[in-house]
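Structure below; questions to follow.
Chain IDs A, B, C, D, E, F, G, H, I, J, K and L follow the sequence of writing; residue 1 opens each chain.
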Amino acid sequence: MMRILVLHGPNLNLLGRREPELYGHATLTDITAMLDGLAKDLGVALDHAQSNHEGVLIDRLHSAMDTHAGVVINPGGLTHTSVSLRDALAATELPFVEVHLSNVHAREEFRSRSLLVDLAVGQVAGFGPASYSLGLRGIVEHLRPPHPI
Amino acid sequence: MMRILVLHGPNLNLLGRREPELYGHATLTDITAMLDGLAKDLGVALDHAQSNHEGVLIDRLHSAMDTHAGVVINPGGLTHTSVSLRDALAATELPFVEVHLSNVHAREEFRSRSLLVDLAVGQVAGFGPASYSLGLRGIVEHLRPPHPI
Amino acid sequence: MMRILVLHGPNLNLLGRREPELYGHATLTDITAMLDGLAKDLGVALDHAQSNHEGVLIDRLHSAMDTHAGVVINPGGLTHTSVSLRDALAATELPFVEVHLSNVHAREEFRSRSLLVDLAVGQVAGFGPASYSLGLRGIVEHLRPPHPI
Amino acid sequence: MMRILVLHGPNLNLLGRREPELYGHATLTDITAMLDGLAKDLGVALDHAQSNHEGVLIDRLHSAMDTHAGVVINPGGLTHTSVSLRDALAATELPFVEVHLSNVHAREEFRSRSLLVDLAVGQVAGFGPASYSLGLRGIVEHLRPPHPI
Amino acid sequence: MMRILVLHGPNLNLLGRREPELYGHATLTDITAMLDGLAKDLGVALDHAQSNHEGVLIDRLHSAMDTHAGVVINPGGLTHTSVSLRDALAATELPFVEVHLSNVHAREEFRSRSLLVDLAVGQVAGFGPASYSLGLRGIVEHLRPPHPI
Amino acid sequence: MMRILVLHGPNLNLLGRREPELYGHATLTDITAMLDGLAKDLGVALDHAQSNHEGVLIDRLHSAMDTHAGVVINPGGLTHTSVSLRDALAATELPFVEVHLSNVHAREEFRSRSLLVDLAVGQVAGFGPASYSLGLRGIVEHLRPPHPI
Amino acid sequence: MMRILVLHGPNLNLLGRREPELYGHATLTDITAMLDGLAKDLGVALDHAQSNHEGVLIDRLHSAMDTHAGVVINPGGLTHTSVSLRDALAATELPFVEVHLSNVHAREEFRSRSLLVDLAVGQVAGFGPASYSLGLRGIVEHLRPPHPI
Amino acid sequence: MMRILVLHGPNLNLLGRREPELYGHATLTDITAMLDGLAKDLGVALDHAQSNHEGVLIDRLHSAMDTHAGVVINPGGLTHTSVSLRDALAATELPFVEVHLSNVHAREEFRSRSLLVDLAVGQVAGFGPASYSLGLRGIVEHLRPPHPI
Amino acid sequence: MMRILVLHGPNLNLLGRREPELYGHATLTDITAMLDGLAKDLGVALDHAQSNHEGVLIDRLHSAMDTHAGVVINPGGLTHTSVSLRDALAATELPFVEVHLSNVHAREEFRSRSLLVDLAVGQVAGFGPASYSLGLRGIVEHLRPPHPI
Amino acid sequence: MMRILVLHGPNLNLLGRREPELYGHATLTDITAMLDGLAKDLGVALDHAQSNHEGVLIDRLHSAMDTHAGVVINPGGLTHTSVSLRDALAATELPFVEVHLSNVHAREEFRSRSLLVDLAVGQVAGFGPASYSLGLRGIVEHLRPPHPI
Amino acid sequence: MMRILVLHGPNLNLLGRREPELYGHATLTDITAMLDGLAKDLGVALDHAQSNHEGVLIDRLHSAMDTHAGVVINPGGLTHTSVSLRDALAATELPFVEVHLSNVHAREEFRSRSLLVDLAVGQVAGFGPASYSLGLRGIVEHLRPPHPI
Amino acid sequence: MMRILVLHGPNLNLLGRREPELYGHATLTDITAMLDGLAKDLGVALDHAQSNHEGVLIDRLHSAMDTHAGVVINPGGLTHTSVSLRDALAATELPFVEVHLSNVHAREEFRSRSLLVDLAVGQVAGFGPASYSLGLRGIVEHLRPPHPI
């Protein structure tokens, strides 16, 4: 069965506990459960990881090179600052979708620039926890287009 | 039943006939059919419109103010140039999702700036025709969150 | 009797119905009536037009070249994006005043740049519907300075 | 009776004597007389002051805090350079209108940026001495909207 | 016989009637006649269209996709602002030449940037009505190089 | 008979021998022959010069001041860097046309800026060797408009 | 006893009377008293001055050259605009600390640039009236480091 | 007793051993002792941490959310590059003061921009080790204003 | 006899007493004497004024309008910040020369921009006190070219 | 014997396994062997380290302060983003050479800016694995210039 | 006797023959004579050179290294574009004065930036041929201050 | 035997005689001898040329097209200004290495931008004369990789 890595960047461990007006009330555990449910429907398997350490995220991507078919990543603040994460995504050559809980294009100017997105299949932003489920659907459709239109 | 307006901007009438390496082989008719199918599953009704005329798109948005609950819009080239379309979206106060077939963040520099997106619920870009279905799911989840997480 | 063209750009047909905190409660009909009253006092005749279509506005300006003495224009969102409208105003060689209901200099950065204003007699912004009446007085004073000071 | 402060910044004491092609032939005395006449019609009282000293203008604004209802100000060259004048206007919390004799948006690039205007009710520019009378009408309409439309 | 579409953007209907110091005394009818004469010499057929409406120009380009071999276009003010026109030219995949009556590189700063020209075969600017005849010669040479050099 | 100077800047001596995908297969000798043929048709005389030395090009322009009626110049890389060449063209007061073999507006960003073009009659770019013949026609039409339109 | 000059720029005479949400409720008299108390504890003497006139502030700095050991200055709006004040601080060669009541780095963009700060010992911003006492402690520690660490 | 977290970013473990002309001779141990002494005077308790790892600093902030009342942070080089640290500070909602040993506004251009400071209570920079003691006083005054002025 | 006004801006009263490595050892009195000597040789009369107050400098320029033939001005820090001084110089229509003791083009970036110099006859910078004597010679040559060359 | 630290930043553990068209086929093990061979020839000893964690790299540099004479560093993506790494290199005061496998000046715009290079002895870029050997030769020549020329 | 090199850049051989409204009627021969006369008065000897070739100017500067005490240079268009000329002036270590006939600060934007001036003793601009004599006086005063003031 | 062209740009003839703190004490003759020695070791032949004339350098590159296998070039000041030299390097299609004696990335801002480097195999900067020997090794390794790793 096709495996997808779901990767969460810095501070996402706090989801649901802080700044709910910005990020909603769902915790990372809630999101993991929701995504596992959706994955079952879609016939794919998920692995989940979160870290506040850039290096840990890079290591995790490296180790997924030969075992996973794609990545759903919410890089958090690293979206805007990490060339190293970009290089890791480029080096693994894994198709990935960049997701954001909030509409990053409607916040501080510096959040509208992503160092990763031009390498991505696509980007989903602004739907709260649903950004993840839309992103998972998107990467799966990209990897396994269900029926021609 | 909740009605959603699906609005396509300039040149999208050519979908599937030109530049398939960029936009895929699906025609606007294909996309309309696919979305109507999905809408049925989601229990919402859709109206579709396409125009190469900015003014026609603005008029259509105005007429949807009292009849529709939300908008899925692919503004095409107007994304980057039309303050008038922005003002129309602001004036109607309809929640909307901005979708793009291609990953606009990976193309010409000027395509990464949207004059509309900071007013949107969210943005979906890069999944080909699936951007529309993800966008439709997104606006529906926004308007009618199906179950708490 | 001297004729003045009053021209309203995109979305101004919605005046008074949407975003009153930004644009006030007066409708376009109210403003037209107010201006006609003022015009009578000032001894000039007015023609009014509104369109959401850039092309229609340009056509209207062209047709005013030989019949009108000046223009009061609220170009709406086209203020910031339309070189074509600028060229139309330049080509007609009609003196014109640019008016805005809101204080465009206190809103989004892109609204402080007008592509038209350096061709204008002057600009009036921020007074709500009174911007139109001040603009009308301004163009009339410009065309027919009442008494030397 | 409502009192309005009319404040003129640096070099406006030379009005009518120098650069008439830019600023017209009316002197500051002429403008004062014209505005007093208009004020009488509008039922308001005016106080006038001019200075080439930024500090004097700031002191004058401070002393108007409790005695005046609004300000018509032509800040001259300080429009583009004085954060201190901006802070004074903000501190007094008096509604004010910024006026310019010439169309500042059609002159040197640096004149199109005002450090004050985003705090203002509105801006009137380009009508020569009539900019003052339009500005006075504007502040009065803002403070005492004469009749609903 | 090879057909070429000659397309004129906003305000070019006024040619010869306004701003002759900038655009010359030839009317659009004069230019059409001159180009038809030259086309006869060159052995090609022309179709001509002008509109002040961006949407009409896009529609006209779409309808030329299967019937014409190339385009000579003077996009007027849309040169600098229309991503939608750019997308239309890209989508039709028709070779085109961008022409301007005036030397756009010697006018306002914003006129030196064209949103279309990097897709064009080439650009001709500054020769008045002769820009059109040079542009027509250029597209014909591009499509049918007459003899090897 | 009217004399026109045809001036080629740095590296154009290599034409036809290097980078043909960018500049075509015609050599400078071919272009000279083609232009002489066209000049004969147009009833003008040509002088040709090429140099890789900015100073030599400037000297050549100086010496043409009293003997030539106009210049067709392909300044090569100096287009974007030489204020001295600009000053030479301004000082000679000779009408000139700037030509480029490739579409400079579709290449590196720095090639879209010309330090000369705002002094030129016009610019022709993108037609390969035909840019020269179109440029020659253009300067001749400018100097001797053949028949009124 | 070491003397320190405490200098307040434009509009600070209004402290405590206007915009308390931004600047707090303490008046300049309160701050002067508080600082005199702290100075006594620290064993230094203070002189205080406030002016809305840039020239007066410069004169005051000049006259302190031979009598004071350091300066605590809140330059108000002149922070961002006065090269003359900068030159006065440089010319006096007095060590100084720049203080701000509000966090200038969290307000309008132009407030984050100080024309003085690179000449200062340091900057304290954001603590309300406590910014002055921290600044006074800072300049005293700089001039007379109490005990080695 | 109120607890304050004192957090030191990358390279601050080297304090006192390297570049004393820039950062002084005090070691981190010296500063810790000095701050503990001051804390005792002020009646607060301190915890200290230093790391060269962004992720460790973020983890430490997370763990302080429910146990500390405020933070004194010297983010070192992360001041200018870490959106993740910014997000961590925002998420914890702890009041914090940003301190720098050197006057960051007088060094390289990139050091004058802080990604954190607009979220801070205030900033203290340039006083060497005294920046920490001033910062500690500042956060304590912010959390527990000692007596009204 | 032709009168020239010599005007010194802020901080120039300190000349010779502070920062001699930048401005030299000559005092303002020395410079005045030197210039009076040179003026005698040149057959012109001088008036001298210095102020740290922008308003006083503007007033002085106004009063020179009808009595002086030209101005030698060292505007000090106002060179880079005062639109009001610029407007005063423009309004008086007096020819003026801008002088600087130091080479302003070799100091801080902001000193290379002068808000006045494009209105000046010319600029002299970098020669210490000799900048004044060169500037005086320059304005006299401009006003009374001694003999044709 | 003189010791040199060879430090590899994020993602360089993947060398030779991914993107060989960009980085070549040599693995990090190959490069280490090659460098050890060259070091033997040059009479120096090497230590090698690689990490995807910025903090680990900083720690490694700190520990080399008293044991190594210089550093050859390929900072990977941290080249462009890490002020902390810059500060570590500055603090250790070790001479270092920055090397890149690819020609960073010919890739994305953001790769042409290095936050480290102005502190370096020099930079070598574009020679694949040979960049390391050239860099090692460079640092050795810098530390021990073999014979005068 | 002290020798000064007077160096003229591209196009200055045309002085007096072209664009007199910009550069005056004096020829280079006139200026040479005028300067030789002044040099005699000042007790210095001059050598003069002009070239349109950057390389010739650099060669001439190199050969003056051991024979001349200073340089008066009008670099013409190279002022704004030649790093090589800058490097030559730096390498010779000759004190030099940069002169311009016209007020370069009042012309095209690109003329206000000089690549040389921060290395110069000073700059004189705007006085026509008198710029040279003022520049010569300036360099002589710099090299041989006549009497203390 | 493979021939390499070693090309030196403007002012490098002065090497070893001027500014040794920046460029060292080795003369061009020393460097030539050193490189010839190294070339012998590497089994390649060198030709050397230096010129202060851009045109001469371009001519030399052209003449090397069919005789040399690669180029080591120190373009001096032309690095940052010469599009013509760039075009010459592109036209010859010779692999080249760009070398600089000093660390250009640590000097004036304008020296960090090279107009040539994105066409180069690589760049070596900062090692004094050793930059040339490293560059020669680099081009030889590029042209003839000695043994696989």
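The rule we apply is simple: contacts are C-beta pairs under 8 Å (C-beta built on N, C-alpha and C of every residue); 3 or more make two chains touch, one makes a residue touch a chain.
Quick caveat, the model's predicted, so the values are computed rather than measured.
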Given chain B and chain J, the chains that contact each of them: A
Chains in simultaneous contact with chain A and chain L: J
Between chain D and chain B, distance of the C-alpha-averaged centres to the nearest whole Å: 47
Inter-chain centre distance, chain E versus chain J - centres from mean C-alpha coordinates, in Å: 55
Distance from chain D to chain C - Cα centre to Cα centre, in angstrom: 23
Residues within chain F bordering two or more other chains: 53-56, 81
Chains that touch, pairwise: A-B, A-H, A-J, B-C, B-E, C-D, C-E, D-G, D-I, E-F, F-K, F-L, G-H, G-I, H-J, I-K, J-L, K-L
Contact set on chain J toward chain A in their complex: 9-11, 13-14, 18-19, 51-56, 76-81, 110-111
List of chain D residues in touch with chain C within their complex: 25-26, 30-31, 33-34, 97, 103, 105-106, 112, 114, 117-127, 129-131, 134, 137-138, 141-142, 149
Residue ranges of chain E in contact with chain B within the complex: 53-56, 58-59, 62, 65, 81-88, 90-93, 115
